[in-house]
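Per-chain residue numbering starts at 1, and chain names A, B, C and D are given in the order in which the chains are listed.
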Amino acid sequence: MSSSLGTLYKVTTFGESHCKGVGAVVDGCPPGLELTEADIQPQLSRRRPGQSDLSTPRQEADQVTIYSGTEFGRTLGTPIMLLVHNRDQRPQDYGEMSNIPRPSHADFTYQMKYGIRASSGGGRSSARETIGRVAAGAIAEKWLRETYATEIVAWVSAVGDIEAPPADIEQISRTEVDSQTIRCPDPATAARMTARIREVLDAKDSTGGVVTCVCRNVPVGLGEPVFDKLEARLAQAMLSLPATKGFDIGSGFAGTRLSGSQHNDPFIQKGTTLGTRTNYSGGVQGGISNGEPIIFRVAFKPVATIGIAQETVDFDGKTVTLAAKGRHDPCVVPRAVPIVESMAALVLIDMALHQRSRRPGTLDLRG
Amino acid sequence: MSSSLGTLYKVTTFGESHCKGVGAVVDGCPPGLELTEADIQPQLSRRRPGQSDLSTPRQEADQVTIYSGTEFGRTLGTPIMLLVHNRDQRPQDYGEMSNIPRPSHADFTYQMKYGIRASSGGGRSSARETIGRVAAGAIAEKWLRETYATEIVAWVSAVGDIEAPPADIEQISRTEVDSQTIRCPDPATAARMTARIREVLDAKDSTGGVVTCVCRNVPVGLGEPVFDKLEARLAQAMLSLPATKGFDIGSGFAGTRLSGSQHNDPFIQKGTTLGTRTNYSGGVQGGISNGEPIIFRVAFKPVATIGIAQETVDFDGKTVTLAAKGRHDPCVVPRAVPIVESMAALVLIDMALHQRSRRPGTLDLRG
Amino acid sequence: MSSSLGTLYKVTTFGESHCKGVGAVVDGCPPGLELTEADIQPQLSRRRPGQSDLSTPRQEADQVTIYSGTEFGRTLGTPIMLLVHNRDQRPQDYGEMSNIPRPSHADFTYQMKYGIRASSGGGRSSARETIGRVAAGAIAEKWLRETYATEIVAWVSAVGDIEAPPADIEQISRTEVDSQTIRCPDPATAARMTARIREVLDAKDSTGGVVTCVCRNVPVGLGEPVFDKLEARLAQAMLSLPATKGFDIGSGFAGTRLSGSQHNDPFIQKGTTLGTRTNYSGGVQGGISNGEPIIFRVAFKPVATIGIAQETVDFDGKTVTLAAKGRHDPCVVPRAVPIVESMAALVLIDMALHQRSRRPGTLDLRG
Amino acid sequence: MSSSLGTLYKVTTFGESHCKGVGAVVDGCPPGLELTEADIQPQLSRRRPGQSDLSTPRQEADQVTIYSGTEFGRTLGTPIMLLVHNRDQRPQDYGEMSNIPRPSHADFTYQMKYGIRASSGGGRSSARETIGRVAAGAIAEKWLRETYATEIVAWVSAVGDIEAPPADIEQISRTEVDSQTIRCPDPATAARMTARIREVLDAKDSTGGVVTCVCRNVPVGLGEPVFDKLEARLAQAMLSLPATKGFDIGSGFAGTRLSGSQHNDPFIQKGTTLGTRTNYSGGVQGGISNGEPIIFRVAFKPVATIGIAQETVDFDGKTVTLAAKGRHDPCVVPRAVPIVESMAALVLIDMALHQRSRRPGTLDLRG
């Protein structure tokens, strides 16, 4: 009831941080798609920790294997099981540590909900859970690209209070994003963000940030009103990611300050169909894609694991002082970039398959 | 695939603005709950347009009738059909108007998606669609209140750039909220908001705003990681509402600017269980309620229907000028208050029933 | 979780025997289908009791009204709410009767499951619940007929131990079926069945029977292995009907006595594609339709309401004697014919929409 | 949409006959259950081919590994991934064979549905797909046994036209069933069945059969009317198994020949609750378990793979003669026994979790 997303392209993820492996089953992938591990690995590698000295130094190989659902390099239309073995497969009993729920982690709530929890590494609330999402999303993305030329590009638009200038959403590319380690395509802002993260790291503290994502060449007509409106499904997908606290689309929270005459997007002729002059709607009207770029933002809270000592209480209510040992990632947003892209792809493919069931043959890309 | 929400408390809404009626079927309501129309009507009346001279003057009676699922004033555990007859049941063919997709409305996307659309009134994208949600939500809310003493209170926290001061989330009540027509509990801010809406109305324009909502006495353990985390489901529910552009929870977008040492919520003893000293998490950790108040915000864009003339194109690409006739609601947020509350109730009851299936008898309220 | 069937063509039924009304919401009906009440009423009328002196004399008008989802006689692709008002809307408190669970009815299990039950008329286990199914099925059937020329015909193939000779499944029509009141197309058998039912009626007893159904012109490729194989979904649909005890398809239980060399269906060229020489498979191989007629049988137990006195116990365990008063339907199978057809249509349309999502434009009918 | 079963205990299977592995993800297993591979392996071993000279001699090790969802031998309430590596992982291109759809196999329908199919071994229609079901079912069964003392026992009740005498459904045990290789507990019948299978084997032919299954100590109240009635879900589960053609419950098809006065099950006092004197209902009334043993039958067609030469056509319509080489299992029913038990367990646990969400604490076993 909880680890599956989507109806026609259904992804079920599995795995804790310290079990034998993590991954996903993709049920409903269209048949006949060329697919090997090489199509999936790049996004997994972008997601991997240890890509720079700004993130956690753990070296996780994260090599994915396709266990089922393909033959001779093509999908069969049957479930695709994707597995990444965990390097560290020993759950540890942290002794007295295990009696201390870490502030703003999931220790307390998992223990209360399930009456048991993974003894170490955060279990399902670990960032490793997102491996299955990214693997499944890479397949979705390939199909969207081949079928509609859909392009999905996310980037770091804020670290703490450092905000990037608006990006050119018609042009921004992953190459451009990855040209900066911090994944903010604006070099000057990237430099300031990098400096900020170093400061935070030195202070044994952490910081939050914002990831912005654009989806181009999304066919008109995706989204299933009223409860599966496109923005509703995107919001669910993004808020299901660890450490997220907010989502907005198009003009978002800032748009609430505008008047209708400023905010309305007038229609204009674009090629053989209609587009809009402005895009305050963010590519979605009435819960359905209108062919304009879909643009949304995701808020990530500061990482909860910090080296600074914190006073809290254990499960028995006894006051204790807690300070994380070792190095930890002080800011998740650079690594979150491919994860956000993957979640967007998972939503878009599911909505596209729904729309194909409704009007076969007419689902052409505008313009 | 689209007009149903929830798994164990499943709501299916139906109805266009100008068909015979609108409403919902609630499948999975716990049996034995005392229920008559009188439990549902108050929230429907709060949702109704025409409650003040600030909103649209249409008088919609919106009297709900329970058609099934109860007997002698108690729920049977079977589907509850809730019906509100439409007063205006004549779909109209607007003639040439029907060839003009209104800017930032759903005319264009519905036409493209379905190849047909309701000729008038916005069809399913009409605000009338929310009647079924509010009716279903009122039942959910009653059960939550009786079972867990859960309290759900929403209010207008911003109109355009006028923001209300922080509310006392432990105390704020619907009575307090409704004491101001604008549903902002702070009288001074309410006055400024009211003035702003009058200005906008006079200018034949519209404005956006923000609704904030708190849910108190939510039992620990609600939310189904990883894809049905509580905040993910709330985000989906809110972004499925007409005119919404954003959702954040707890510290939200503002929290991304904080450091981890500021943002972490240390645990403290509260009664016989643990609570947190601060509540930047917004009542949710790891996707699961932690017993603290759940607090979130929803962004509503400025109303798209405005009296100011707009230049746009018709479906054939011909330039036309469009100006809405008659009076329209220049700001939806006051009426959105009970709708947001209802959607929260729908999510919470579904998650509560899930958790009851897992650990029956242990779903105790903290403290 | 229980009153909805289907994923892309989702039907939610509502209503008890003695509430205000019964009906269904159809979510996911393809847009643009011509539809008025006149398309639905014929099957409802075939389902209605009181069509002959062999069935219960209650005259239920069962006039359906479309409340939403259509405009100017065409479907909008939005939820279609179908409502039939109940004539007898007064739940009755049967006094001491209510403390006696009727043998082989649902009184005991509903009371134990929900802790409450409809005081009279069987509540959701009443045959009136099938009204919503038949209405929703009539719409499905129309779409299947227009899209694939699909024909669905059911008939009474056994009453008690009186079995009809095999029908010509390539030709049998509803006209032929309805030419006999008992809905067994073979006149001689129909006469014997009619006589049997009169005997049973005179004896204040009841009898069971079998309905056989054929679906012709079902496109190749319907069914979603492995859990939603076409026969699995048909079996669920049929066993969800009141009073059903069995389902088999193709050779069914009798086929278990054959050898593989007898039972295998060799392929032959049929038109431009392949068909099979025999059809022991019943139109389904590997859970997927193969283009041959789908043929299945549904077992209906003898009606539980009988006038003969039965010794049983009340909820307190006290021995009582029970005998139903008034006239009751001694055999459900004639009225079950349109209900079985409707359930078949609901399964086929849902599977067809799934397959359309997978291979748009290629879902052509064989031959 | 197709490889997942269940809502609260959701099983997703994956794997083809010749890919890297087969298995399942179980999402929603109650937390805190003691679980290791040793709890799962016995049923997998009962399912395994090559257990006697009556079945295919292939030796499949079928060793299961738990990849996630447990720690220190207890379930965490998180997804449990169960993997069995395939020994034969090389898909083969059969050359001209691949252009011949085998009669009564899934070659033709898979090819037509997906436009591609596994080149050998039957892909998802292979019996190996059931490994994931059996592994997931073993976990379900353990929980049901520990929670309700539920016992599920299936056996071979017919091979071809050889039928076993009625079993003592209150007493029959797996030990008794497994005391005969053929898994028919009646020794005399077992001997005749064995002789029949040898005959069929010698004739390079195959035969069908029937598996009967009883579920004892099923709590009252399981089943979710109207579409997820217990018998409906059981029917779907059983008809989703390869080679099944029929399902009936309680009196089943034979019961249609009885009169209501014979067939009704009068209530009697049993311990502190009510039971029924007879059990024609098969443990289910109104779609809900009544506490009596649930008893149902599943029809399995004769195995389609036979050594006898068959005339058929290839995909191009050219007449060819086909004869399977090597040894094949001439009758699936002995191996189907644990598979049927597993499917029953999957349905029962899902329904039990639903009922727990409704009336926590009251789901008591009768008597």
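FYI, a contact is a pair of C-beta atoms (placed from the backbone, for glycine too) under 8 Å apart; a residue touches a chain by one contact, two chains touch by 3 or more.
Quantities reported herein were computed from a predicted structural model and do not represent experimental measurements.
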Chain pair with more C-beta contacts, B-C versus C-D: C-D
Subunit C and subunit D: spacing of chain centres that average the CA atoms, whole Å: 26
Distance between chain centroids, defined by C-alpha means - subunit A, subunit C (Å): 45
Geometric centre distance via CA averages, subunit C-subunit B, whole Å: 39
Per-residue overlap in subunit A, given as positions that touch at least 2 other chains: 1-4, 7-8, 13, 31, 77-78, 113-115, 124, 225, 354, 358
Contact graph of the chains (line, ring, star, complete, other): complete
Subunit C residues within the subunit A interface of the complex: 7-8, 30-31, 77-78, 225, 353-354, 356-358, 360-361, 363
Contact footprint of subunit B on subunit A as seen in their complex: 1-5, 7, 13, 101, 103-106, 108-110, 112-115, 124-125, 129, 158, 160-161, 200, 203, 205-210, 220-221, 223-229, 231-240, 242, 244-253, 255-269, 274, 276, 280-282, 284-290, 297, 299-306, 308, 310-313, 315, 317, 330, 354-355, 358-359, 362
Residue ranges of subunit A in contact with subunit D within the complex: 1-4, 7-8, 10, 12-16, 18-23, 25, 27-28, 31-32, 65-72, 74-81, 83, 91, 93, 113-119, 123-124
